[in-house]
Structure formats: C-alpha cells, structure tokens
Amino acid sequence: MRYLPLTPDDRTEMLATIGAGSVDALFRDVPAQVLNPAFEGLPPHASEMAVERHMKALARKNLSAGDVPFFLGAGAYRHHVPASVDHLIQRGEFLTAYTPYQPEIAQGTLQVLFEFQTQVARLFGTDIANASMYDGSTACWEAIAMAGRITRRDGVVIGPIHPHYLSTARTMAKFTKDEIRELSPALIADAGDDAVIGMIDDKTSCVVVQYPDILGRIPDLAKIADAAHAKGALLVTVVTEPVALGLLESPGALGADIVVGEGQSLGVGLNFGGPYLGLFGAREKYTRQMPGRLCGETVDADGKRGFVLTLSTREQHIRREKATSNICTNSGLCALAFSIHMTLLGGEGLDRLARINHARAVYAAEKLAAIQGVELVNQRGFFNEFTLKLVGHDAREVAHRLAQRQILSGVALGRLYPDATDLAEGLVVCVTETCTDEGIATLVAALAEELA
Amino acid sequence: LEEPLIFELNGTGKCGVDFDAEPGDVSPALAKFARKAPVDLPGLTEPETVRHYTRLSRQNYAIDLGPFPLGSCTMKHNPRLNEAMARLPGFADIHPLQPMDTVQGAFEVIEQLAEWLCKLTGMEAVAMSPKAGAHGELCGILAIRAALEARGDAREVILVPESAHGTNPATAAFAGYRVENIPATKDGRVDLAALTARLGPDVAGVMITNPNTCGLFEREMKAISDALHAAGGLVYCDGANFNAIVGKVRPGDLGVDAMHINLHKTFSTPHGGGGPGSGPVVLSALLAPFAPIPFVRRDEKGRLRMVEERGVKDNLPQTFGRMTAFHGQMGMFTRALTYILSHGVDGLRQVAEDAVLNANYVLRSLEGDMDAPFGKAGPCMHEALFSDDDLPEGFSTLDIAKGLIDEGFHPMTVYFPLVVHGAMLIEPTETESKQGLDRFIAAMKSLAQRAKAEDESLKSAPHFAPRRRLDETRAARKPVLTYKGEGVPPGTPSLSEIGGS
Amino acid sequence: LEEPLIFELNGTGKCGVDFDAEPGDVSPALAKFARKAPVDLPGLTEPETVRHYTRLSRQNYAIDLGPFPLGSCTMKHNPRLNEAMARLPGFADIHPLQPMDTVQGAFEVIEQLAEWLCKLTGMEAVAMSPKAGAHGELCGILAIRAALEARGDAREVILVPESAHGTNPATAAFAGYRVENIPATKDGRVDLAALTARLGPDVAGVMITNPNTCGLFEREMKAISDALHAAGGLVYCDGANFNAIVGKVRPGDLGVDAMHINLHKTFSTPHGGGGPGSGPVVLSALLAPFAPIPFVRRDEKGRLRMVEERGVKDNLPQTFGRMTAFHGQMGMFTRALTYILSHGVDGLRQVAEDAVLNANYVLRSLEGDMDAPFGKAGPCMHEALFSDDDLPEGFSTLDIAKGLIDEGFHPMTVYFPLVVHGAMLIEPTETESKQGLDRFIAAMKSLAQRAKAEDESLKSAPHFAPRRRLDETRAARKPVLTYKGEGVPPGTPSLSEIGGS
Amino acid sequence: MRYLPLTPDDRTEMLATIGAGSVDALFRDVPAQVLNPAFEGLPPHASEMAVERHMKALARKNLSAGDVPFFLGAGAYRHHVPASVDHLIQRGEFLTAYTPYQPEIAQGTLQVLFEFQTQVARLFGTDIANASMYDGSTACWEAIAMAGRITRRDGVVIGPIHPHYLSTARTMAKFTKDEIRELSPALIADAGDDAVIGMIDDKTSCVVVQYPDILGRIPDLAKIADAAHAKGALLVTVVTEPVALGLLESPGALGADIVVGEGQSLGVGLNFGGPYLGLFGAREKYTRQMPGRLCGETVDADGKRGFVLTLSTREQHIRREKATSNICTNSGLCALAFSIHMTLLGGEGLDRLARINHARAVYAAEKLAAIQGVELVNQRGFFNEFTLKLVGHDAREVAHRLAQRQILSGVALGRLYPDATDLAEGLVVCVTETCTDEGIATLVAALAEELA
C-alpha cells in the first residue's frame, strides 16, 4: 500500500510501546458488534496503473469543451488559463498547506490572500474583499444574510439572476424566514430595472441584481442603487463573469454596497461546476459583518511586515453560534489560481481580454441573429454572452441535436427554467477568446440547418 | 525571506498574457456602461510571476515538507495520481450545463463515489453537492429540519457537546435553531445521562462528533441515537473524524441520521491553504426524501441523469432544495474516487488502523512528559489530546506550539477542544512513518523539558521561521485588508534568500 | 536544512508502488541467470518519497527563485507552456520505432523546428540528433572531417581561441585533431593577423565562439571565414551564445560552415540541474551532404519519413554516420518549438536586444566599482566581463561569488574565460526585469565595497546558505562516490527547517 | 511579449544609463550589412492559446502508445511511471537549476546525484557509477573509448547489441581509428557467446555485449568475462532494459568491468527517443578514466556532510583537450526521474516489477508462438522481450498492417537491419506490466489473421 509508511515490523514495535496486543485492542471502545463489518461489493486496493486506466476510461466518456466548438456560459465560463497558473498552484507548499492559522510559517498563503483581497476589491470597486467563499451562489446568499444583519430587515428583492443562485437563496430563505420577491426574466431587451425598483419597499433588506444578468443584459446599477438607498436597502450585485469587469464600470463605483461573484473565469477552469471560487467585496463600514476569512497586514516581533487572518471574532471557530457564517474551509487554492491569473493579466491585460471577448461575441451574435428564425434578445448591449430566441423551437432540443453533431452551442433556458414555457425558446450563448472563427462558423451553419 | 507585494513590483504597463486578436472597440450599445480606465491592477510578465509565487510558496509549511499534526484537521499525504486524474480534460474541461449525454463519465464518477460513501457508512443516500464540511453540516441540519417540519413538528433546539467544532453551533444557529450545550463526562465523552435528561419535544436533534474532538470514540453512540429517536429527535454526526474509523465502523450501524464526510480529510483531497473542501452528506432512509438537489439517478434506459429543479416533482418532491449552483465539487470527487479506488476497502481499513496506531504511539510516548487528561481512560482514536497542566507557570500551550516551529514541525491544534485547559490535540495521520514520529516525539519531549527548565527563549519562539510571532491585536484593531500603498514597508530582501532567514 | 539519504530512511521492506498482478516465478529457461536476492536498494512509500525530494529541492537555487547570472550558461526563464506541451501524450508517449505513419506529428515538429533553425541562422541544413552542445560540436567537427576526407585532404589541426569553452578543444581532440590555440587581441577578440599567419595545408578548421566568451561580437568573423576558406579550411562556430544575436544576425551570412545551437540556452528548454540539453547543428551547403543520420525528409507523396540506416544510400550517401540511438532529444524539440512559436521572429529579435541591453546595463552600472577589462572597447553583447584587478590583495573572485550567495543570488561564472585574470562573467539574460537588475547591481556594489574595505567575513562566505564552503580537496583525494553506510554521518535536522538554516 | 519583463520605459532609461542612443548602437560591432536581416516566411509572436492549439494539433497526428495495444521495445521501454515522479521533477528548484557548480546552493541536485550513483552502482553490480550520460548509445561508445584509454589497445569486439548502438560506435571508430569486429544476430536461440569469444585477441581492448541482447536472448556474461580477461581485454556490458536487472544477476557480479545502459525505462518514459538517460558504472580502479560528472561526499567548513562535483580534472572545462570526454551537459533531470522511480520501487519493488514483466512476457510469447507460422526464437530464455520469426513474411509489412489496425505490435528487424535479409522475418516483441490481457489477445488474434 503505497501511501502507508508503516511496515509490519513497525506496527509490532509500536504496539509493544503502547502495550496493546493488537490494533483492534485500540478500538476497544467500539461495540464489538459494529466493529469490522463486511463490506459487500467493494474491491480491494489497486495499482496506480489500474486506477489510472479506470479513471481515464470514465474521462473519455465525456465530451471535453476543448475538443468541439463550445459556447456555454450561464455562470461558468471557459477562458484560456496560462500554463504557469496550474504549475504554481501545484507547488506542494501551496497545495498541501492548511489554513494559515500559524502565520509564522504560512506567510506564502497569507500574502497571496492579501494580494487577492486587494485584486478583488479593486475589480469590484469595493473598499474591501474577503479571502473567498465556496462559490458565487453561496456568496450570494451569504450577502443576503449579511444585508439582513446590517439592515435588520427580512425582505429581499431579486432581479433576473442565475436561477441556481435564486434557488439557493430560496432554500436558505425557507429556513431563515426571509421573504423573497423576484423578477423572472423574459425574452426581451429590457433588463427589468424599473420592475425591480418597483418591488423595493421599506421592509427591503437588499436588492440583488446580476451584472450582466442571466440573459447577458446589463442592468443600470446606478439607478437601482439610488432607488434602494432611498428606501434604506442595500444593493447587492452579483457578477458571474468577472472578465466583464475589464470592460464594464465596477459595481462599487455605481453604488453597490456588497458585491459578490463567481471567480471561476480566471485561473480555475470549468471543472464541471466545482470547485469554484466565491468572491465577496463590501464597503469598509460593514467589515465586521462580513462572512468568511479576512487576511490583514501587521508586523511581527521584529517589526517586519507580515500578514495574519484577522477579525476572527466574526467566525465560527471563535464565535460559535454567534458567528457571521458557519463557513470554515473555503476556496483558498482557487483564490490562488485566480490571483495568479489576474497578476499575469494586470489591469491592462484584463481590459484587452475583455475587449476581445466582447468583439468576438458581437461578431458571433451578428452572424447568429442573421439566421432565419433567430432573434437576438440583447438589443441594448451585452458583454460576451447573449440570448437567442429560436422562434418556434424548444431550445433544449436544438441544443441536444447540436451536441449530437459535436457542437456545444449554449445553455438552453429550458434546462434552467423548467416551468417557464415563455423561456423555452431561449438559448444563452457565450463567446470568449477561446472561440475560433471556424467554431463560430460551424455553429452558425449547423444552427441554420437545424432551424430550417 | 522577503518578497514584495505584486503592487510593489513595478507592474505598470506589463502583461504576462499575449493575445492574438486586436482588442475591438466597445459596441455602441454597451458604451454607456464601459469603464473609463482599466482596473488599477499591476501586471507581471511570466518570469516575474513564476518567481513571485515560487518564492512566496517557500514561506509556507506544508505536508510535503513535514508532519502537520493538526488534530481534527487531518493533514495526510495527498497522492499525486489524484491531481493528475482531476486534470484529465475529460473531467477538468467540461461545463456543468452540457447536455447530459455528453457528460456520462462525470455522472459515473459521482455515482461511483456516492456508492462507496453509502456503503462505507452504511447509509441510505448521499447528498453530494455540499461544498465543504460546514456546508455539509448545514445540509444535514436542513434535512433534519425539513423532515421534522414535514411531520409538522418543527422544534427549536439543537444539542451540541461542549467539545464540538465551532461550525456545529454556527450551523445550527444559521438554520434557525437555538443551540444548547451538553456536558461531557470526566473521561471526555458525551454525558449520556445529562443528554437524556434534556431530551423533550423541543429538541430537534443532537450534533455529535464521533470519534469526538478529544480523540475518543463515543461508546454510547447507539444509546444516544436510540434516546434521540425515542424522544422524536434526530442525530447528526459530524464526520470530520471519519478517517479514524473508515473501513472499521459504519456510522449507520450506530443509528446516525445524517453525517457529512470531509473528502479533504478522510479521502485526502488537498487542503490547498484553506480549501476547496467537499462535504457530501450521507443520510438515513428517514432523511433521504428530504435531500437537496441536484443528484444523479439512472433512468430506465440506464442513462445517468442529473435531477435538478426540472426533475424534482417526479423524483424527490420533498427535497429541501438547492444549496449551491451546479453539482458540487467535481474536482474533489475525482480525487477522492481515485484515492478510494487506490486504497480499496482493505486499504481504507488499514488507513484507519494506522491512523489510530500512530496516535496511540504518540500518546503513550509523550504521556510521561505532558499531561494527557484522558490518557488513563484507555486508548485514543486518531488523535492524542494533551493539556497544559504539566507546564510550569508562565509557559503556555502557545509556547509549545511555537517552539515546535523551531524544531521544524507544524504545531498541533491548540486551545481546542475547549473542554481541556490549554489543549494540544495531535493527529499524526496514517501517512507518517515511525521514524518521522520518533523525531516528532523527541522534539516534543525536548520542548516539554525546556518548559520545565523554564527556558525563557521558548516564550519568544519561533526564532527561525520566516516571521517571528505576529501582532494579531494590531491587525484586528485597525484592519488593513487591502493594499493602499501605505502601511508597513516591505522588508528589504536580506542576506541569503536561499533557504535562509 | 538537513535531509537524510534515502539509505538512511528505514526503507527496508517498503515500496511506493502497488502491483495488481502477483509476481510469477522465473521461467526455467531463465533460472540460471536469475539473481539470488533483490537488488540491495531501499524503497520508500509515496509520502516519504514526495517529502524527501521536496525537501531536497529546497536546497537548490534555481531560476524560479532568482537571477542566475552565469555567463555563457544562459539561464533564462523556462516557460511553463513548453513543459505542458512536451507532456501531451501525443509527444511523450510515442515510441521512436513506431511505424512512421503513426508519428507524422512528431516528424512535423522536427521538420518545423529544423526550418526555423535553418532560417534563423541562414544555413542550408540542420542535424537534429546531437544530444547537447558538446555533442553538437562533435557533430560539426566530424562533418568537417568527413568533408575534408571526402576531398582527400584530411588535415590535422583545429585552431581554437584561448577564450574558447573547454568543450571545443576536448571535442577536436576526441575527433582525432591536434588542437592549437590562437591568441586574442588586447580588446578580447580573435587576433585575425595571428590566425591568418597560422593557416596552411595542415589546418582543418577553426572553432570560433561568436559572440565570444568575453561577451564580444567577433567583428572580423567574415574575414576569418574568408581566410579559412581561402586556405582550404572550414569554420566551426560555437553557437552557445547565439541567444545574443538570434533574430538580429544570421551566422550563415558570416561564412560559418557549421554551428551548434543549444536549445537549452537560446530556446529556453530547462537545464534541469545539468541536462538534458539538445544541440542541433546547422550546416552550410558544403557540409550538408556529410550530415549525420537520422533526419526527416518528405517523400514524393508528402509523407514525412525518417531517413535512417535504411535510407542512406538513396538519400545521403556521404553521411558520416549515426551519433546516437533514435532521433535526438524530441522532448526538447517540442519545448523549443513551443518557445519559438510563442516569441515569433519579432519576439526572438527582442530577446536578443533585451539580453544585450541588460548586459550593457550591468556593465555600465558596475564598471566604476569593478575592473571591466574590455569595457573601454565598446558595448558588450549578452554578457559583461569583469576581472579581479580591482580587488584588494587577499580577496578573490571566489569571495565575490560566494558573497553573492549571501545576498540571495546565484554567482556569476567565475575564472572563465581564462584570458582574463579572475574572470567574472555576468549574463543576466532578457528575462530579468530592470528592478531585479538594480537589486543585483546594488548587491555587487556592496560586495565590491566590502572587499575594498577588507571585510574579512567575505572570505568565509557564504554564511547563510544551506552549506558553507565545501572541502573539494577532500572529495577528490579519496573519492566517496556511492553510499556505503560509513563516511560522514548525516546532519541532525536542526531548528527550523522552514526556510531556516 | 509575456516572457520579457522590460517595458519601453525601462529600455529608454537603461539606454540613458548606458549612454547609447538605441539598442542597435549596442550591436555596432556587427557589420551593418548583416544586421537585422529580413526573415522570410517566419511568423510573429503568438498567444499561448494559439501555440497550444498548434502543438495539440501536431500531437493528435501521432498514435499514442497508451491508446492502443502496444508491444515495442528494442531499446526503449514503456513502463508505468508513478505520477509523483513527474510532479517532483517539475519542482522549479530541480527543473530550472543549473549544473551544481556552486555546491553551497545546489545540495538538492548533488544529494540526488549521489543517491543516483549509488542506485546505479548497486543495480549494475559495479563499484561506482557516474552522474549520467546522454543515453545508452553514447554511454556505450564512451565505454569503448574508456576501455581504449585503460588498455591502450584499439580492437573492439561487439556482440549482437542494438544496431543503433553499433552504428554509433562505428561512426566514432571511423575517426578514432578503432577497429570494430561485430557479430550480427541471427534468428536462432544461441546468443553467440562462443562466436564473440572467438573474436577476442591480443589487440582487443574490450568486448561489448548487450544483456539481454537485441533479440532478447541472455548471453553468458561470466563466460565471456573470463575469456576477455584472459586476453587482457575488458568486458563492457550494455543494458538497455534496467528492469531486467531486477531479475537477472548483475553484470558486475558476473565479471563486467564497465557496465553502461539506457535508464529510460524508469521514470523517464518513451518521449519518441529522447531525452533519455545514459547509465555508466565501472570498477573503482578506473574512476579517473571515467567520462562524465561524478558527485562525491565531503564536508563543509562547519564539518557538515555535503556533496560536490569532484574529480573534474577529468573533464573538459578543466582539462580541455586532455579530458576523458567532451561531455558537459548530460541528463540530470532524467537521472532525477530515474532515481525517484527507483526510490519508490526499492529493491523489492523492482524484483516484483521484473517478475511481473517476465511472467506477462512468457504468457504472451506462448500465445504468440502457438500461431501457425510463428516461431519463438528465444528458446533459451528471455526477460520481457523476445523475437518472433514470422516464417515467410516480411515482419516490417506485417507490423505496418497491424499498425493500420491500431496495434503497435513490435519492432521489425527489417527496420533496424535494412541489409540483413535473413532477419527480415524477425519481429521483436516486448511485454511489460502495461500490457493487458485484452491487448495481448487482440495482438494474437490480429497477427493470426495477418499470417493466415
């Protein structure tokens, strides 16, 4: 057993030191009738070669994004991740370290987190950011919970955000008794800002708006922020595609009080949905209401600059039932990957990457919208993701047929909104720098055929 | 060991990424949303980036460098095969919303892992999507709540032992429960009598860690479960320490209704400096109908399907709902399955046995030098608990911990569990060799002796780490959480950065 | 930083590899050849192995940690994309003798790289198989010898400048030539007059490094070539420093007949602690017919074919033969091609320009503090040469080098080239930032000042490295080349292994 | 340009410091007419994404061994390499270090080399081993050259070794004027020991024997050693498959004076033939005649154990034209990979790996030899490689046809010996632990069909 360093001789010697006759003597507190059960149908250990063969066989049953024209987004985006990112996060000192509770020997992780927090805060236009959450959807409901702590209100107004995020928030609300009112999306150009604003009232703790929204439309954050603030509510902005902020004004600058997001776009990759990376920024005055870990600057006994986890009186391991969240392990390694990718890009690289994404998406949208029977919903602008209305067709079926032709064409709204028949014609298409001209042409031709 | 911040590395106007396409103009429709200037962030070229992070990494301790005997945290070796498998494009480069026929292999990974988890725990079902242990706890507690509410019996209180992880009460509170502590016996276990006495129609359930955070198996676990069930409550088991009994004991045999499994502890997915984790929750037959979505199910044609919002009505009408976007920590699933298949059921049993053997070896080797509060009560499980009782006045658990750094080891868990004064909780795990343990034990003995000899230098340890003790009060008093170009200046890169101080 | 040898890690009876099959018995036919007992070698489990090598690695300096200003060695950043590409199964997991139709992509890599090398050097052909620079030199000299012998004019002497790399004379001698030195002018270049005077019917050729090892471009290279050719000799160019002129100058335009290219220098394949390298040799039209086998050629149908022993008669009847098994350093080809395509021809030119700019910046920044023997003669190319002339009595080049270690840098090349007393040859390469160079320059200035101030501590530097100066005489007097269980005991792992001394 | 840290501003500032008006002023020693030529047809720089796409397209044109039943050997062997090996050799501190000329900051590489030398010496049964050569074939001719230095003779007798090794030795002999006499292999069970012995005379510097030989046969090393020593010649043994020494008695124990080999089997992988790893061991008394680097134990100024490159007075950078070899850069990283793999195996693991290889090869050979028209040449034993005689067929054509059926069946001797018509029926088949039962069955069935 290649991972177990004790030899039979070691075990014998150690049992003698302990004064136990057998290993099972050490398990004497376990009732005999439940110790060492038979496990039916579970195989014994296997060589690395055999396990590798098994896992590769499973991997081959999946259609990898890199092997086909690929246009899926809707909360998970495929960008090119520089090879150095994966190299660096595999450094044993990063990969196999624990949460940096002993700062003297964890400055590597801690400095990265401090840099990460700064990067996220500047990207979001918030004063501060934390050291990461599980993912965008959990960060979103933590933001709602935080807004509740700040405002001591229990009304939540939610715009057309990713339905999984909404679903997650609804689950929590069932137990926290928050009252959610949401605006469902419709296949129209108007992102529904006025409708959202219309739902805000004096009981509203926060307004949650996705930027760009689930259909790729851009809400007018400044206007919504003003309306929310006028009622004493906070604006929570959700960003599922951080690359968009290379081009769009930051939510913080437009008045958002809390900005959360999914950081998977940079450094992390698709990974079939996880592990991902929750981003969380807020105004400085709310620092002590933040969930999750925070890394702060300080000095050591010699006066040298150093970093520590701080304000842990907010956290469960100190505060227990009074903590701001129950979160413990979060997404440190993904934060590292994000931060490295962001460091490679820098502000100017992000700007350029965003513009390329945008230009390619505009190019593809024009070609696609020219197909007979296809309408582009996003007439008022989009970043790298837009929604097509396939008039008279169930987009889910079209997407399936295209997948059979080895084209991953987009996310059909029917998958995300099973009950909303008015959305069934919607196909959310995302075009990043990884989409080639040939890939776009293949999609256009095939979609035209399918709709013909 | 000094490394500037990225903001101090002259990153203006640099970029470590090349682009083939020229950036286009912003489309007119979008123009009014466009930012005026790029985000104010430095860029570094690839050589600078690689060097920055490589140098930073060297300021970390890690399991690849030495033992990491953090009790309750389970820092064991992370096999490299797991990393390689998780990076196969067939796993790493697939989108969570691809048509289901194009990701059958991914579903199979989830299905196979789920089967192992159910069989290893003797439970009915498993919720795969929780993102980490605490998220799993929440899942379990929400399932309990949903089940109780479904029978019209919401209840208000969750009982938690004093020795519990902080996540337990935090979770219960988050789910809207009131938390009450249950006391421990003097041998470090749940006081069954006290617990039974507290049971009543207001008690929704109990959260028990087993083996518990004193490193002891809860002998009366079955009796606890029976008592809860008799009183109409349910039993949540914190599975953080499942690694001590995997392949040896099935929690389902002890009457547990829900238990999360930290894949990053028991099944060795890397901690990565603080996550990602993964916390699937196994559920009893009673709780299975209330499990969260999504989950994998085979349809009548044998095709695997992910049951999401769409399939709820037909497949799991009583689900308490969704806890996170998409399907859980796929990258951790592939690693954990790889680990499980590598060990097999015999290997997993050996894992538990060696973990327990190693811990008892440490316990018995050190109990002459340090106070082991429950040492007399019999063998420990996977971790050995000591207190500061034998330390002389003026010397603390923290001094031992920081002294351990100077000996080349990561400290043990300190001041936890709270039921022991100045607790030192040592979990060697099964992946430490006897030679390595002997070296660790020798270091601990040396520290205990230095403390007894009132060696003042111990109080200012560490002396040889990248940093001396850090001023945590200063950090918290006026928090500096982002770089603003002021604050403490960087250290001057000093003599000998090569393995030097 | 102490790490036992694998032989000291209790490796008896352990194994870090699991097998599925049971080992069979030895077949009767083989029994008489079978060994009586397994090879006496320790085995370590994976956790122990990963830790051993991870810890050992931390005793190394590397380009990933800081500048490596070794003149003539060209330690530049190694892009990680190159590593990823070389590991694609389509390159890493193919056998050199697979049927040729099954490895067309591999042949294409070789063909594309060969085309770049020919075009960048302005030469006719390239021999891809040499395994490293010195092997490439041998290839070039053997081609020269074969060409001369083919015209019935074997000759005996190869001329080599005093400043040449040691591999030059060693190679010429290995190929059966007598080596004669040619002197340098006082500005550090080949003395054209002296060279011309020595030419005659016994001179087979000359081996010139250009840019030379003093960091200077041989202005008269074309004249040298012309003189050699007029006298019936041939010109070998040592291309170790091609990185200084890549994209700026084609050696073929200077009359060179053969030149090796160190892919691990100019094209950034990693040095790996001493190899593998790769030393393709570009050849003039005159030498091309004598190139070694194998090489890639397209047949009439456009299929790529490897010409080996089988195809010689039809394709290259005058080849001097094979230099190594198989087809050369494929793994390095994929890395080098990846690097070349990343930079493109514009990027390669920028590489040369930045390398030269960085070197001149170092030269001019330090020439006030240290003696730069050829500093007055004009700009240098990619490396800056200093001597020990300005050091006070009792302080040596070695002291500066070892002092640099304490400053956190790898030393420069010392005592080479031999034409300068106490030479210090500094090659920053293009992948160092200005900020990094400024730090290096400051360290050098500080060392020069400490030497001038006769700071005795400098003589015993390094003080902060994993080891102090090592006793090389002892090592050579009675060599201990393998572990025998005696010898010096291992160091005791001391306080603070974490970035500690 | 992502690898170049100088900004335009940096360049301007640095030129000012230097006092040069332009970068080209620094190139003033280059004659103007050759500076900055136009490079026709060479493209400009490209993104990581574009280069990756290009290289992946090339990689896809190759048939990877892992994707098909695979049975090639003949000097390059496919074994399973544990994932930890590649992880560790990618540590930047190993990957991007230089030759350890500054031992104070290169103890990592140096200790590895010391351990490697010990592993190789014990495997080969020699007193010492060096720190690596380029590969087996160059190690082989270095051994011949070394024997010449020791014996001051110029006759070389070569048994049925790998023809590329022979070809390489012949190339060198043309220039060094050594006289080579070789025994070509024949498709018979007799490995030709007596014929080799018969060629030894008083001018013989060394006898070079491969163990097992190119056809997988096992020569009687002890007998040849005695005969060589009786004439004052050295025995040089070549090992192309080091895994064989897990099972076979070591050459050193059988009397070999110099043992060289190809180390690619362990840790390195196929890599289409390179980079590989030359192994080189010898008797201690020949230490100062060894080519290549040697790492030795010593102490530092504090008396701590440490390692250095030693006996460099043999080497070119000190000795110049009087060096034992011109070798400089060798195969350090491959030596590391070999050493890690060997450390994971240990002696007992190697024994087990060897026995599994052997058992699988015996199993496959029996199945294959049962096919009508197939004869097994190796009737006197083999390790994991054997030669089939495909009676009446050109094995090269058969192997090609099998390759078209996605089976890589073996190395046809016709590829290695183009002029030896008597070998054209020979197919060298290698069976390692990586060959599955299904793969063997596929080969057996397909070969039977091809020969039917």
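Each chain gets a letter, A, B, C and D, in the order it is written, and its residues are counted from 1.
We adopt the following convention: a contact is a pair of C-beta atoms (placed from the backbone, for glycine too) under 8 Å apart; a residue touches a chain by one contact, two chains touch by 3 or more.
Because the structure is a prediction, the values reported are computed rather than measured.
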Problem set entry | Chain pair showing more contacts of the two, B-D and C-D | C-D
Problem set entry | Option reproducing the contacts of A-C, where over half of them reappear, out of C-D, B-D or A-B | B-D
Exercise. Per the centroid of Cα atoms for each chain, what is the distance between chain B and chain C, given in Å?
Worked result: 47
For this session: Could you put a whole-Å number on the gap between the CA centroids of chain B and chain D?
Result: 45
Exercise. Counting in whole Å, what is the centre-to-centre distance of chain C and chain D, each centre being its mean C-alpha position?
Worked result: 20
Problem set entry | Multi-chain contact residues (two or more partners), chain D | 1-5, 45-49, 52, 82-84, 86-87, 90-92, 105, 344, 433
Seminar exercise, completed: Residue numbers in chain B touching two or more further chains are 1, 13-19, 44-48, 50, 54, 58-59, 61, 64-65, 77, 79-81, 83-84, 342, 405, 431-434, 462, 465-466, 498
Seminar exercise, completed: In the complex, the residues of chain D that touch chain A are 2, 47-49, 52, 80, 82-83, 87, 90-92, 344, 433-434
Exercise. What part of chain D is in contact with chain B in the complex they form?
Worked result: 1-5, 7-9, 45-50, 82-84, 86-87, 92, 105
Exercise. Can you name the residues of chain B that touch chain D in the complex?
Worked result: 12-20, 44-48, 50, 54, 79-81, 83-84, 498
For this session: Please give the residue numbers of chain B that touch chain C in the complex, ascending.
Result: 1, 9-10, 18, 45-48, 50-51, 54-55, 58-59, 61, 64-66, 76-77, 79-80, 342, 405-408, 431-435, 439, 462-466, 493-501
